[in-house]
Every structure is written in C-alpha cells, then in structure tokens.
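Report on one structure; see the data block that follows.
We call the chains A, B, C and D, going by the order they appear; numbering starts again at 1 in every chain.
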C-alpha cells in the first residue's frame, strides 16, 4: 500500500485471507452498530477489496490520500461501502474506531460513499450505474497527463442492468485506456431477488467482450485467483473486466445466499453468531473453503432456486 | 420520530398505504399494470405484485427503461403505476417522463417512494429533495405529496380516476395521522384543517402534522393560524392561496423539499399574482442532507414544528412592521 | 396495408422500389419546403419503411389508425420522421399535400414525431434512445392481452450509443416477447461525424446477441433482402434485430455519405438536382444499384475516410 | 426574428460566443478539457475541439456518461466544460449531475445549448423549457442565462474563475444586442440596464431585449420601468430584488422558460420574504411548444415585448387597485 510503483514481493495470500476475515468482522460489527445497511453485498466483495488494498495492487498513500499519481478505486455499487471503510481504516486512512460512526449524523462515514467526506473515497455513489463513467473520466485524465495511475471500478451484478454502465463500457471500448479495470461482483442477487429471475445477465462475459473489453472469470472468494486476476488486469494494456463469481453474504453462514440480508443489518442475536463464525479463522479451513470454487458456484445456484420460493423476507428498506 | 410530533398518533407509512390501495384497485381494474425497478419490496408495489403477478413487472435496475415501457403500455390501453425511489424514478427517468408520458399526456401514474430526508440512514444519494421541483416541470402532470396513510388512499383513488399523468411522493417512515379516515380529496383542492385569522400555514407531507402542532403552540400565545394541507402541489388550489392571503395576511409554507421549485415556490407565485403578503418558507436551503436517524435529520435540517412555529412568528412580526410603516 | 393477418401474396419488389423512389422525392421536397430537417437519416431508412408499410409486413388500417390489434411502428430515431410522414401520407393516413406543412406552426407534422398529432404516429421521439423501451412496453401489453400485434422499432446507429437502448435490449432479452423487432439503420454516421471515429459500434451483432436477440445483417437498400428479413423477423418467435447496412443520404448523389446533410435541407439549387436524380427511376438501373451490396458498404467506408478529412461542413443546427 | 425586436441590432448567437470564449480560455489554461455528446457542431464546443483536439472528447450520444466522465476528470484536477442541447444534458444527465458534480461540488461547467423554444423547427423534443428549474435544483450550482454574446463572454470567464459547478444556457438564434462590449459581470449580481420608478422588469436571455423595448413603449405612455438583466438565476441578487420591490412597488419577470421553477419563481420567493408587491410573470404556462419558425413560436407562446408590456400594465393596474382599497 506504499507509494511504490511495483509491489515489493508476491503478496502473502494467507495473510490476505486473514485480513479478509477481519474486514468481515468489521463489516458485521459496523452494520450492527448502525442498525441498517447492506451486509450481503459488502461481504461478497471482501476478497476483491482486500486484495486491492493489501495485496500490493492499489498504489496509494494513506498519509497523502490526494497523491495525484495514486491509483483510484471507485466503488460503483456504493451500498457496499462498509467493506471499503473497513479496508480504509485498516490501511490507516482513519481510526478503526471511527467505523462505529457509520450512518450516524455528522459522521464522515456516510451510508453510501461521498467524495470529500471520508479520506480515501474517490467518488460519490449510491445511485447505481454511475461509477464506470467516473472511472473512465479518471482514466482518460491520467492518460492526458501521462500518468500511469490505474482506475479500478467495482460494480454490482444487478447494477449491470443500468444502461449507463454500457454507455461507459462502450466508450471505454472505443477510447481503450490501458488503465481502466472493471470488476463485477457477480453474487447472483439484486435487491428484490435473484438476478436471473429479474433480468438475467448471461452471457455476461460476451456482453463486455462485445463492448471491446478483455474479460476473465474467477472465483471471487479464492484469494489467489483474485490477486492473480488483478495483477493480470494491470498488465493487459486495454480495458479489462474481471467477473468475480461470489456469494452474497459470504462468510456468515446464515447470510450466505439469503437475500433477506441484502439490506438488513445483523440483529443483537445474530451479531455474536456471525462474529463467532468469523473467529474460527483457522487458515486451513478457510483455505479449503476458498478453494472450493465449483462449490461456491453450486451454492449460489442453489440459493437462487431457494429464493424463488421464499420471497417473504428481504429488502428491509 | 415520535418526539418530533408531540401528542400525535402515528399511522402507517404512506408507502404501505400505497401498496394496499393499489392492490385493492387492482382487483376491479384489469387494465392496471404495475412496474418497479428492483425496489418493489421498498416501494410496496410488491403488495400488488404478490396479488397479481401477471400484471406486475420488476424491470430491474433500469429507471429509464421503466418509464419508457410504461409509456408504451399506456399507449396500448394499460394503466401503468410505476415506482422506484423518488430519487431514481424522477431523477434518472426525467427525460423519459417528458417524452414518453408528459408530452403525449399518457395515462401513467408515477410513485416516488422514500421521498424527502426522513428516509434516514441511507444518506443523500437515496434522499429525494428535488422530486417535486422536477415533477412540476413536466407539463400536464398532477403532483401530490400526501400527508398520511388515509390521504394517500384518497390520492391513489383520485389518480386512477384521473385520465393523465400523475406523480405521487410516498414516504418511508410511519407518518403521524392527520386524518381519522379516508378524506374527501380532489386534485387542485386543498384541505383546511384548522381555521385562523392571524396567518396561514400551508404544508404537505410530514410537515402538515408539524404545522398542526405549531398552530397549537401559537394558539397558546393567542396567535390563530389557519392550517392548509396542500397535498396537491400541481394544480395548485389558487383560491385557497388567495383566501389565505386575503383573510390572514401572512403565509408560511413548509415542506420536506428544497426551497427551490417546490410547494413554497408555487404558492409564492400564486400569492404574488393575487394578493401579495409577507411569506416565510421552511425547507432545505440549497443543500442535500446526509446519513442519520430520521428524527435527527429532520431536526438538524430544520423540518420540525419548531421551525414552522418560528417562521410563523417571523412572518407575523414582518407583517406588523410593514403595517407600522 | 389492409387489416389482413397474412399478406395476400408475395410483395412486388419492383413496385416497392418505385414507391421508395417516390418517398425519396417526398422527403427532399418536404425538407426543402421546411428549409430545415434531416435528409441523410431519412433517406437511408427509405427501403425499410417502404417495405414495412407497403410490403405487406405491417398490419395496419389507415381508416382506423387506433385499431387495437394493429402492428406498431415506432420510429426511435425521430429526426428521420420525414420518411414516415411520406409513407403515412401515401398509405392514406392524411393527404399528401399536408407534407408541405412539415415543421410549420400549427402543423400536425412536427419536426420529430409526436404521439397524438399526425395519425399513424405511435410514439413521441426525438430525444434519442427511447423508442425500444416504448416498443417493449407495447409488445408486452399485446402479450398480456393475447393479441398477436407486432412492434417494429427503427433505431439509428448513433442512437445505439445510448444506454437506454441496451437497458431495453437486455430487458427484452429477458422477457423474450415474440413480437418485438428492432431494426438498426446502420448508415455509419451520426451528427458530428463517422460512428467509428466517435464511438464505434462493432461488433454490433455480437452486442445484440449478447443481450439475447437473434440478429440478421442485410443490405438495407436491397428491397428483396429487406422484405425477406422483415418477413423472417415476424416468424422468429423471439426478439430479433435486423442490422440494415445503409448509406446516409441514399438516392441523392451529393448527399450520399456526405454527413453535411445530416441536418441541412436541400437548397433551392439542390432541390432540382435531387429531384431529377430521383426522376430517372429506371427500374433496371435502380435494380443494379440496389443489388450492389458490397458496393454500398465500400462506399460507406470510403465516405467515412473522406469525412475524417473534410469536417468543415455538417451539423447545421 | 428581427421584427420581434424593433430597433435592436443583432449580434451573434450566444452559442457562437460561447465557442469562441471557450477556445480563448483554452489557450491559457491547459487544465480545461471539453466534452460534448455528438452535438459539438451545434453547441459550438467544436470551436474548442478544432483548436485543441487533444483536450476535446466527443463522447457520442451518451449524456449520462458525458456527465459521469466529467465528474471523474474534475476529481483528477481537470476543469471540464461539457455541452449538449439543454434538453439532453440537463434532462438526461440530471442524476449524474447530482451525484458526480453537485453533491461532491466538483469544478464542472455545464453548457446547455439550444435553450428555450427559439430554436424553432425541431420542435418540443429539442426545446428545453425546464432546464433552469432543474439546474437550480442542483445544490451549489450557479445557474446563468446570458442575454447576448457580450454577456456570454463575461459569463464564461466568470464560470472559469469560479471553483465549483456552473450551468450556462446558450441559445441557437442570433441574439439582439443588450451590451456594446463585454460587461462587468459577477455571479449573484444583476445589471440594471435602465432605471425607472413605476415598476421593475426583471428578465434574462432573449427577454432582456424584449424588456428594453417594452420599457421604451411604456415610457411613451409616461410609465417609467426599471429593467434588470438577471442573467444569474442562482445565486439570485436578492438586494436587487428587494430594491426593485421597495423602489418601484411592482415587478414583472420575463423568461423563455416554464413559469414553474425558473427566474420568476425564484424572484417571487425573494420578494415574498423581503418586501411583498404585486407581480406578473411572462413565460410558458405548463406547456411545451412545437415546431415552427423561431419568431412565430415566440409570438404564439407569448414571449415577446408585447406580453412584457401587457404584463407591466397589468401589474400597475393591480398596484393602483390595491392602493385604492
């Protein structure tokens, strides 16, 4: 995370997994404290965000958040911001304690990211569909200035239904900045239910490719795959989209794939359960889970089927 | 939010009343179709969707397409009720509302839920503070901001019976009751909830209950305020505005909206062209709000009975000063 | 054009070509009279519109424009409306004489289509990007009512840069109405210049296919190909996109591929030249031109190259 | 349109002046980037594009993406000037202007060309009658409607010097001259073009020249009208409004815009909170216009000196009637 142009050494994937676990703890704790917010889509993005901030990918400087030559991370799916706040706090942008102020009056930690409030936030989002355009603007600005800053934009899968995403994708496919990387958190759910029941996205890679992007599909919870894909993305020399297959609510068993937790914070009873699951940070065990990419996808599909039946819960806003 | 409305009973959120009223209408009217953009559980259009799945379309996170589809359905004889958060359906669908609904005067009802800042913790990106300004900029649209669950039911019925575009703002939190039962309601007609001769408070949405409380406090000091529920912002009840000006000589307008382009601006123009009197405005002054609990936000951004009360005293002292000159 | 569910006989392609020629005459005459408007994109769409209205494709009834079971034609690229007005007048929706009122105060023939003014207009357009959503709404409304009405939506190629087009495409790919047909008038130019210089669309068919549409590419000036593709489209049983390769300004030599005529009406000097070219309606000769689909594409490319140099002209608004 | 402005000399269209002023600024300021959405030849941003192709981006027919990209560039230190027709950049880019520009208060300048109905034949879909209402609903935005080429140059300069979001409406037709040369100009400061004690006419855009003509006609009948060019709609020059009310006791506001949410509405609120006086408004009453020649449309929809003149006489007779009571 230092201001080094090249990461010193290959990232320590086991250490990253441990950090991911701690970030998950911060997420459930801060959402419980706020008594509102979006656990599902925060938890599904943990590995991607952890790898970016702590895997030597993002060149940034917590001491100097406005360092002009930094890489940018734009969280287009703004409701997932707890994962970014956790990462920023752990990286030193602000005290970890401040996480408790999430969503409270006068806090710098707004419910959706706001540029100019918490240091490290690069764009105001929360109205879905806008981040890739902003990222494209940043990428082209860097190119104009001959800076090699890279811009990473994290999108939701439901968010990919917004037309503006495809405007930006098409425009980037035309201008071909070598420093723009989109990542889709493909957790198979949106607010009202399963993506495939509302507006399916498949074939998703073909959509991005038809817009002129190079794509790669990964298991978004396999830290090694995440790190590799991100490293590859910075070398591609053209716009790249990483489609990260993930599980909504990942890491908290009762939230995994239960879309009721899209926008409902853990209750007083749920918090200790969630935390105790995230305590068992047995690296071996986590390793085994993270490697099970086929398993992850199976589970996502199973949960899609399940949700088709039980749509009594969910939403919460 | 109870402490902000001392002495008032709370009913359902207007969004809940909306969902129920829509489902009830759906029973008798096959031509009603309902569309939502991945917020059906929040806007409560899901209440209709569960009852009539064949006539319910969740179009995903595509507000522009949502509006366009509704236009196409309306021109084929359907009566679409479409919803999302006010901040998305009006702000991302504006040009589509213009071209596919307002300009051809089609029979589409638009419901913007989670209006205002009282939605709380989600913060500014989800809080609509400008939906009324935009909706009123759509010619031929009727624009309403109901104050409680009972009035919402009346507004939904009126919207269905009116052939043409209608915008209704609904709210997220439970709303203090203003009415005991479904009131009489017609577009372009205000409801006088309390009479008074010293000044008139014109309000809509949550500010109506705040206005009633303010009026009680003012009465304790011998100031008699008329309170008018102007749920229908467009067309405006110009007769009610004129009488307020003529009879009471001072007007306060209060709303959960930017000062620009909302109820206050429209009343100000009506007052200026009929019977100019001193006015004060309660609303958001060129600012978004932020994350926080609904009550805390309403207090921080000055949208409680206290600001209405203060505005009333201000406008009265201005009137007196004017008369003295 | 009668209210028959099935066209009586195979359309007479030679007669259609002649009608197309007359429609072109109406276009240049009405634009000259209006002294404003968009010749280029009106002329490129002539064969498609002619085939729809006069080739037994569109089931409609000029005597009863609101016949509920009619097929709909939505002109999403609203600035091309002169071609539709000409077709509607010739089909009997209103007197041909009324074409002279185009763009004048109090006329039913607005500069862009307005629902509720001229009979036969099905949607208000002119702000690009909206027609496919409207068409999708119509297609689903017909499906709800168990009507087999079909909806044809004509889009500009530049228009396909709008995100809303892809929202509607994705939504249609999900709902799969069997009665929705998109046609792209792929004339290779938008307002400010060549598509490929501003935001290229290739691979265009892949974009539509990735959204779940069946596609077919045709020479949009070859009447036989146009008629065949439209007939095929009504049988496809799923959303279909016809990509019609065309030449902007087609039929008027000095307008062909010269994007200066995107939005500039023919002058007093140009009108007779244009009309005399459209007079020579020698069917043999026209046939030969229309068949030259390779030639058409070559010409389009040549004109793109040319425009890259001469961007002095154009626009006009 | 000459016959609508008897006795006035015409200058360039404000869009032409915009293109030139922008190109001139571009010479000295590397940080300026210009984006357009396939209307560069019409908005005249192409004038900059031809001079500085490296800093010019034609983003195609994508108004939402246009605004988002500008936000990203601004947060990276660029100063984007972005343009399209007012009807597209403001109406299709509204939510993006909110999230990517207004809310983070970024340094983006938005130019909506072809404002109003005087664009003529293209008709309602291209005519922006509501851009001011929407732009003023974006907190922290400065909003300007210059009246002629000279003032446009001053506004562009002020926009560049101001750090923050600015919206400028430009027009398609040649505009009657109001100034001889580039005037002094500051946001929030109106220009009094003519003094008078009987009433004040506040206007912007093409209606300023109309107001000057109306004032001359009124003077022939012994009515002395103050004429104020309120190019800057937001922030409003509240001192100028108050003085107008206090000094002249009657106000007419005239603009090429819906009556809702524009200059008139904002002046009405300022008058109501300072010094209430009778007002009349000239503008479009909840309607779009249509295709037609610009002059014919301005006449049909009541946006010429004649309606300003009539409104002035109306407001005066109301004031007299009021005084008599």
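We take it that contacts are C-beta pairs under 8 Å (C-beta built on N, C-alpha and C of every residue); 3 or more make two chains touch, one makes a residue touch a chain.
What you see is a predicted model, and the numbers here were worked out from it, not measured in a lab.
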In terms of CA centroids, furthest away from subunit D sits chain A
So what's the Cα centroid distance for subunit A and subunit D, whole Å?
43
How many Å are there between the centre of subunit C and the centre of subunit D, using C-alpha atoms for each centre?
36
Contacts with two or more other chains occur in subunit D at residues 59-60, 62, 64-65, 87-88, 91-92, 95, 98-99, 103, 124-125
Which residue numbers or ranges of subunit C touch two or more of the other chains?
114, 124-127, 129, 161-164, 167, 170-171, 174, 198-199
Can you tell me, using the touch rule above, whether these chains form a line, ring, star, complete graph or other shape?
complete
So, in the complex, the side of subunit C touching subunit D is made of residues 34-37, 78, 102-107, 109-112, 114, 124-129, 158-159, 161-163, 190-193, 198-199, 314-317
Please output the residues of subunit B touching subunit A within their complex, sorted ascending.
36, 38-42, 46, 58-62, 64-65, 87-88, 91-92, 114, 119-126, 172, 290-293, 296-297, 300
Subunit C contact footprint on subunit A (complex, rising order)
161-167, 170-171, 173-174, 198-201, 203, 206-207, 209-211
Using the touch definition up top, name the residues of subunit B that touch subunit C in the complex.
33, 54-55, 57, 59-60, 62, 64-65, 67-78, 80, 95-96, 98-100, 103-106
So in the complex, which bits of subunit B are touching subunit D?
87-88, 91-92, 94-95, 98-99, 103, 124-125, 130, 133-134, 136-140, 234, 251, 258-261, 264-266, 268-269, 271-273, 276-281, 286-288
